Amino acid sequence: MSPYNALIGGVTATLLLGFAAQAQSDTLADIRERDVLSVGIKNDYPPYGYLDENNEIVGFEIELVRYIANELLGSPDKVELIPVVASNRIELLNSGRIDLIMATLGVTEERAQVIDFTEHYVSAAGASVLARQEARFDQWEQLEGQNVCGIQGAYYNRTLTDHYGIRLVNFTALPEAYRALQDNRCVAMVFDDMTLRQKLGEPGWEGYKIAVEPYEYLPMAGGVRKGDEAFLDAVNAAIVKAEGEDRLIDWEGEYDMPPSDHIAARAEAARAVAE
Amino acid sequence: MLTDTRYQRRKRLALLAILGAAIAWIAFDALLGGSAEWARVISRLPLLLTGSGPAWSIQGGFAFNVLMGMLSMAIATLLGLLMGIALLARNAWLRRGAFMIMNFLRNSPWIVLLFAMLYLLPHRVELFGTTLSFSPFFKAVVGLSLPTAANFAEIIRGAVGSVHSGQWESARSLGYGTAQIYRQVILPQALRRMIPGWMNLYALLMIATALATVTGVQEVVTLLRTTLAMESETALVYFYLTVLLMFFLYCYPIALLARRLENRTKGDAI
Amino acid sequence: MTARNQSLIELDGIRKSFGGNEVLKGISLNVAKGEAVCIIGPSGSGKSTILRCINGLIPIDEGFVRVGKHRVHEIRHERGMRPLRRQVAMVFQQYNLFPHRTALENVMMAPVQVLKHDPGEVRERAIALMAKVRLAGKESSYPGELSGGQQQRVAIARALAMQPEIILFDEVTAALDPETVKDVLTTIRELVEEGMTCLLVTHEMRFAREVADRVCFTDHGLIVESAPPAALFDTPQDPRTREFLSQVL
Amino acid sequence: MFGLDYSWLGDPVYQRWLVDGVWVTLQLALVSSLAAVAIGLVGALGQTLRLWWLDACIELFVEIFRNTPPLLQMLFFYFTLTQIGFTVTDPVTGLQHPLLSAFVSAAISLSLFGGALCIEAFRSGLDAVPKATLEAARSLGYTRLGLFRRVQAPIAARVCLPSLTNILTNLFKTTSQASVITVPELMYAAGQVYSDTFRTLEMMLMVLLVYVTLVSLLAWALTLAERLLAYPGYGKGF
């Protein structure tokens, strides 16, 4: 076969493939018809969503998802939990595979152009840096040109490489990034501050510390398709209701998260609105 | 020098000895308490095999790989047959078109095709008022079946081409028509030669189902990687070996059988 | 190592089985220097196996094989066979030329690579041999580009290039088209006339009668009858010979 | 066109990522192809020695690498080799660092995978040389080594070429799986770009096109080599 033939074939095939159409509909009506809510969640990300000893998916966000399902469809079990990773969750939402992202989704401007955010149920510190106790750096700038483990699809990746000149070694899954850090494939690992702090509490991580503090704080929210007003309102109403009932504070305790001012403040605000 | 049969017998014995030693080592390690790592592996085995906890309902895991492999093979066989027929068609445009599509699919990496399918196929389509939803599982099946179909078409073409041209001449001189020659003379012989290739392709496809991990399907590699988040470092090697062994135990017998069939058809008049 | 008689090739009581099938059941045969002996007989009577026992391609089970000063049945290693193979060349039914080399290279390869002769000198010899088998001008053709008869003549040239004392011909015309058979037979006849010791397995009865000094008839692993061609063809003694000849002549 | 948006291709950062990715892909493919052919030669030669225990070991190696997913092999080499001691100790800090980088792990794993396929191909090439041709060579007095070097190997090499073409193109395609262990090749670069732009479909179609072009070029070059090396008068596999 000549390369010419292959090229022509390739171009034709690419153009044909390009015709793919995408469905758009009213999600609220849709899920009521299907009687199930499809939610993209994390299953490798304690405390938000992870597998417990019985191989069940549990976590802070999972509780919230079940609460919302109960509000919208009348049962916490009318929910289809679909594990997603940072690099595919928006695509899965926009092509209709899932109705809602509840997967540690940070609120950023770039994302706001392609999806709508729900109420910001958690405010998490942005990325921080986990490294060995002996590490001598404590500023982002000091990491320039160093190998740092990260995760593909994290929103801060471009800032870190472009602005701070860090050489990111990006994995698709979190466990593999931890493993690589322990194997000393990288001098440090960059990820959401909350998760890293939680990791420090686990056995085997005594020799590590948060070496560099986050350079920004970032609210986390659910994500829905753009222009899906009715559904967005319904989800928001459910979140605010949960906040007003102090459920988020309960879950914080249940999953060993440090008490957050943001959640407490929102609980107050929710009650104020309700009264 | 040893005679051929004695040589082969010794070689087979050596192979069995190595395998036996490996099994004995695992058995000692796992069952006689040689290490705690195998105990960890065994506790996670239901998850890795079926994607569910102790309940043994099939929600993913290696069972998904098997299922994906079978569904993709079914689709690929059908598509490949159509493509193969087009490759042998008398219409030059049809032939050229099929050839181009086949080469395109054969020259693209499986993992890239899988990704492309993931984003290309809609997740839900409305058809005659009913909503069909395309799960990542379904998309992975489609993504895997495309290159497999192209490879199968090539196998068909090769098998038909390998039937000696003298047979065409003799069949034609006996007054057979083209379609008749295909049906009565060529296909019965070509089919015998296709079967080993088809089986090898299935083994290849089965191995490729591991790639579905990039589409987020909860198949065995995905579950392996998730599970390892909860396991200690020392168990790592054991978990990887276990999953590698799953694939090997499934694919090796198929490859072996294919080779045996291949050797049998080699004696056919060519 | 002493010879038991003055012949160049001496076979005595050779037995050979493949699996449970006894192909040679006690073959004895002497070939003198310069003699041309034809072996005829029905298919499967062990004719080709006799040739392969002589140059050691097949080890025998029982018996005595001597070629010149080499006691073939006593040689255990492939390495030990090499001096013998230089003395005995062989031409095959399927020509067995090396497809990756041109005709001339096929002729030159073994003398240069095995005998370590000077390439320049071998080249001259090879060109002369190509002319001798009437293939001048085909030197740079590949085997795949030559007809069967031409390939067979290259194979004969290849055998001659080793400057052997004996050439074994194994049904060399059986796979050829009738019109090319003649060229090959002419080449062989010339060799016999030049005094080359030849042992031929053949189905060409007329040719055997013309060129052979002696003809052996084999059947079921035994040499049934051995005589000068005129005697064997005109007044066969054994009923099996008569029956065979009545079928093929 | 068709609602596809390729405006992000104008961003020099993305351009650099993608070009670097193609470069790494080419390097990985070249290194592992050479090593795979070398392994194939050694393995196939080892099998011609007719030592039953060596033969058994080689066969086991071939079957293991042929019948397990290369992706899993790569993960295995990347993560577990450090676990079982493939590390160097930093003299200053005393820390154990992995001996093998992601690229080297991927190259080793791909070489072994391709090597297994090559051994199989080379062996069947050697087996395909007709017994009668070998008999002719023996009757001309060749030694076992000379026969192998002058007759069997050159003929087998030409028989092998088509399957070698298949193996090398296959290996090239398999390099895309190295993205999973963070080798910054084309697939990895593509992932970096689309997780920034969210233009997944556009990115994947482009990557597909790049791979098909590269693999087609490779296949074409190898087919050309096949044609140049073929000896006249014999068809494929004569």
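By written order: A, B, C and D. Residues from 1 in each chain.
Definition applied: contacts are C-beta pairs under 8 Å (C-beta built on N, C-alpha and C of every residue); 3 or more make two chains touch, one makes a residue touch a chain.
Keep in mind that what you see is a predicted model, and the values were worked out from it rather than measured.
Annotation of chain A and chain C: jointly contacted by D, touch as defined at the top. Chains that count as touching both chain C and chain D, per the definition above, do not exist in this structure. When C-beta pairs in contact are tallied for each pair of chains, B-D comes out on top. With centres defined by CA atoms alone, the chain at the far end from chain D is C. Centre-to-centre separation of chain B and chain C, using mean CA positions: 52 Å. Between chain B and chain D the centroid-to-centroid distance comes to 19 Å (mean Cα coordinates, whole Å).
Separating the centre of chain A from that of chain B, both taken as means of CA atoms, is a distance of 35 Å.
Residues of chain B in contact with two or more other chains: 103-104, 107, 116, 119-120, 214, 225, 233, 236. For chain D, the set of residues touching two or more other chains reads 79, 180, 200-201, 205, 208, 212, 216, 219. Chain pairs that touch one another are A-B, A-D, B-D, C-D. Considering their complex, residues 55, 57, 78-79, 81-82, 85-86, 88-90, 92, 94, 96-100, 109-110, 113-115, 141-146, 155, 158, 162 of chain C touch chain D. Against chain B, the residues of chain D that register as touching in their complex are 50, 52-53, 55-57, 59-60, 63-64, 66-73, 75-76, 79-80, 83-84, 169, 173-177, 179-180, 187, 200-201, 204-205, 207-208, 211-212, 215-216, 219. Taken together, the chain B residues at the contact with chain D in this complex read 1-2, 7, 10-12, 14-15, 18, 103-104, 107-113, 115-116, 119-120, 203, 207-211, 213-214, 221, 225, 233-234, 236-237, 240-241, 243-244, 247-248, 251-252, 255. Looking at the complex, you find that chain A touches chain D at residues 1-3, 5-7, 9-11, 14-15, 17-20, 86-87, 90-91, 110-111, 114, 132, 134, 152-154, 157-158, 162, 169-172, 176, 179-180, 183-185. Residue ranges of chain A in contact with chain B, taken from their complex: 1, 5-6, 8-10, 12-13, 17, 20-23, 34, 43-44, 50-51, 54-56, 82-85, 88, 91-92, 95-97, 172-176, 178-179, 182, 204.
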